[in-house]
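Two complexes are shown next, each including chain A; its partner changes from chain B in the first to chain C in the second.
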Partner chain A sequence: MAGPEEVFALICKYFIEPVGRTTLFGHIGASLGRVLIGYSIASLAGVTLGLAMGYSKTVRAIAAPLFNIVRPIPAVAWIPMTILWLGIGEAAKIFIIFIGGFANTVINSMSGVRTVDPVLIGAAQLLGASKWQTFRRVILPSSFPYVFAGLQISLSGSWMSVLAAEMVSSHEGVGWLIITGMNNANTAQIMAGMIPIGVVGFILVSLMRWIEKKLCAWNDRSR
Partner chain B sequence: MAKKNARDSRIWLSIQKEKKEKRKYVLISCASLLTFLLIWELCTDILKLAPSYAMPSPLKVFRSFVAKLYQTAPDGSTLPVHIGVSVYTALLGFLMGAVIGSPLGILMAWFKTLDRIVKPVFDVLRPIPPIAWIPIMLVVLGIGTASKVAVIFMASFVPCVINAYSGIKQTNEVHIWVGKTFGASRSQLLFRVAIPTAMPMIFTGIKVSLGASWMALVAAELLASSSGLGYMIQIARSVGRADIIIVGMLMIGVISMLFSAALEYLERRFVKGVK
Partner chain C sequence: MTPGDNIVEVRNLTKSFGDLLVLNDISFDVKRGDFLCIVGPTGCGKTTFLNSLTKLYDIDRGEMLVNGESINLKKHNVAYIFQEYSTMQWLDVEQNIGFGLKIKKRPKEEIQEKVDKVIKLVGLEKYRHYYPNQLSVSMLQRVVIARAFATEPALLLMDEPYGHLDLQLKYKLEDELINLWEKTGTTVIFITHNIEEAVYLSNRIIVLTNKPTTIKREMLNGLPRPRDIASPDFIALRDQVTELIKWW
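This part shows the complex of A and B:
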């Protein structure tokens, strides 16, 4: 077990001197880059599927059984299959991150649409709104807070799974830092990887909260 | 009389219509699942689009599942044994996390001094994902049950504390004032007003933490272990048995579903105001 001053010194050292391929900044950047790609794909696909599943009963009936089987399988359990399918390259890691963020986005978007006040939809239809107009003007804005909550949860999910993906195979990234520390029984290095992960995770969550406050000011959940 | 009959039959008709609609969507669901299985079977066994080591057919997965129920190859234990080990470890860590975490959250929200002492430490530990604890626990505690229970404890502890904390903080002040006006002591306020108010939130925390525990356990077993579902998957990967990997993944999913169903049942039984 390494003491705090040792860990702190090591983190400071990693910021300046390269460990493995790059410095600590490089490792954080590599992990963040992967998360950004996988998370964007997951958000786009998840919100689309979730909104469709919430709006149309037919889409829900088609997609729900498969989705409900796949949903409870955690992202880490996908790793072995992903390696068989996509190898150990960048694509495999992005796929794991995608899985880590996808399910929550879908569920939240779907429940967002389903909790829209039916009176609002009725009123819009009564005033002659088309199906698309109802969706665009009523359902989308009022389910937005839910969608955003889903995006928030899935960002931490993605950040967590990048770690799992990098632990399996990688040459850089914070997960790599931890796993090489483990293989060398170097607790100071493990902790020097854990602390940046915690800090970056915290910054990501705070960033999402701030964006949420700006975008949906009418729905202040931060009380 | 005639009027009443007419109304009844109208209601009956609408119920019938609803039932019919429901049946239609159930049929669509079944058809979708069957189509998926058919396409899967078509791509693997019949057209052989993917090599069988990368994508086994659904029939093969099913056969492996049945065989794995009593065979020990290739990882040394049968499927029920692996499931038993995983569930036992997960529940042990989860119970410790929930039993320590929820009361700590309640106390932190109720006593300001404790809040000031514990909160800074907690805020530092909170954003570290449970998976990141695995390596350090492995180095410190070895690859036995202890390290896994410790990781799962970290995974389940955090959501329990956060939810219990914010549940108590949400207590309506008016209710506390009413309690005080009627002469309730501080402990009565806590046990009769604040905790019942927080119960749904506390339960949400417990649900979240059970999910997190299960995920952390699988991750820990994948990285280093000598039994359990994650270990089974890992061995299956190293000997190239994709069918067993898929059996393991599905088992992990099914057990996680059973866990949340059980908790939802408990919630409906014991928490007031939940349908």
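This part shows the complex of A and C:
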């Protein structure tokens, strides 16, 4: 079992010398790239579906049963089917990351719409707002804090799925570092993969919180 | 149409929830520039009455005409102030006040001009860039009232807007409302269960019965303004309305 000094020294070494095909920077960059693509698709699809499910009873009635069955299945359980459907390339990895982030965005976006104060909707309609104006000027901004909370949880979910994603035949990435470390019984390399996952995850969540404070100043000012 | 003509005509308004008949064949007129207060016993269906007027509820029978035409919220400039605070949390005071005008797609310059005018009338100039969660309860209600007046409504409907406030604040906001009404000449229909408030604000009072609700009496209120709630005439009118509302 590697001690802290050995792990620290190894991480420093990996920043300079390649491990596998690239340095630790390269591995972090490869994972981040996959996560950003998977997360972006999950966010776009999740927010759209969530808002639609919150707004329309018909969409909710159609989508909710299927969504509730798919939602509890963890990202790692999707690996075999993903390989069958998408092979072992980048698309498969991105799909696993997408699964890791999708559900929370849908749930929060839907909750955001469903918890809009009906008095505000009534006030807008009585001022003559059309359905589209009510959605754009009341429902959407009112549900924004929920949507953003979902995006934050989803980002963590997507980043945590990177290990599962890189179990699908990868040659770089922090997940690959851990998996090859496990295969070679190299605990220092496992730690060298784990620590960047934690640090980068922390940085990403902090970044999202900062963006939320900027965009939802009205929701945060008095805190 | 000359000032004093009917702006609102309510004909045979009837509304039930299932087997429960709430509003039973209500008809009345409102003249341009009127301050009409509608009072009635608690639970008689005052809010149902207002929501039926504005078609927030489907009615069983009857109609409400504004300027001789069936009410259409997109066409007729009607504003509604709820009992609950309906400020938009994500908009600052200035944006909240201009919200109705933005919905009506008025030009930016016109919105700014009207917001500036109304914000002064309600005394919120210093708070124009504050968000609702930074304001007091009375300020929130002022924002909502300013939003309604900014659209220069032909008709302003108010559903117990001061129901949640303490007495001192209520008196202050009532005076502000009278001031705004006198300056703008807006027609107001004000729902309240508070008889003193109705006598203080109105120039006409409609007293409703218990369910199934009908109109018990329409009364003119010609007390001089500013009104003194301790004056004998005020007390006499208040007692008269109180007697009419008693159902026990």
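Basically, the second predicted complex is superposed on the first by the 219 of 223 C-alpha atoms of A that agree within 3 Å, B and C clash if a C-alpha of one lies under 4 Å from a C-alpha of the other, contacts with A are read in each partner's own complex, and residues count from 1 in each chain.
Here is the rule we use: a contact is a pair of C-beta atoms (placed from the backbone, for glycine too) under 8 Å apart; a residue touches a chain by one contact, two chains touch by 3 or more.
A quick note: this is a predicted structure, and the numbers were derived from the prediction, not measured.
Of the two partner chains placed by the overlay, only chain C lies in contact with A:P141; chain B stays clear of it.
In the superposition on chain A, contact is made by A:G122 with chain C only, not with chain B. In the superposed pair of complexes, A:G87 makes contact with neither chain B nor chain C.
Taking chain A as the reference chain, the count of touched residues is higher for B when chain B and chain C are set side by side. Of the two partner chains placed by superposition, only chain C is touched by A:Q133; chain B is not. In the overlay built on the shared chain, the residue A:P74 is in contact with chain B alone; chain C does not reach it. In the superposition on chain A, contact of A:G3 is made with neither chain B nor chain C. Shared contact residues of chain A, touching chain B in one structure and chain C in the other, are absent. Interface of chain A with chain C (complex): residues 117, 119-120, 122-130, 133, 137-138, 141-142, 144, 216-219, 221-222.
Every residue of chain A that touches chain B in the complex is listed here, in rising order: 1, 57-58, 60-66, 68-81, 83-85, 156, 159-160, 163-164, 167, 178-179, 181-182, 185, 187, 190-191, 193-195, 197-199, 201-202, 205. Taken together, the chain B residues at the contact with chain A in this complex read 25-26, 28-30, 32-33, 36, 53-55, 124-136, 138-140, 214-215, 218-219, 222-223, 230, 233-234, 236-237, 242, 245-246, 248-250, 252-254, 256-257, 260.
By the touch criterion stated above, chain C contacts chain A in their complex at residues 54, 56, 73-74, 77-80, 82, 84, 86, 88-92, 99-100, 102-104, 131-134, 144, 151.
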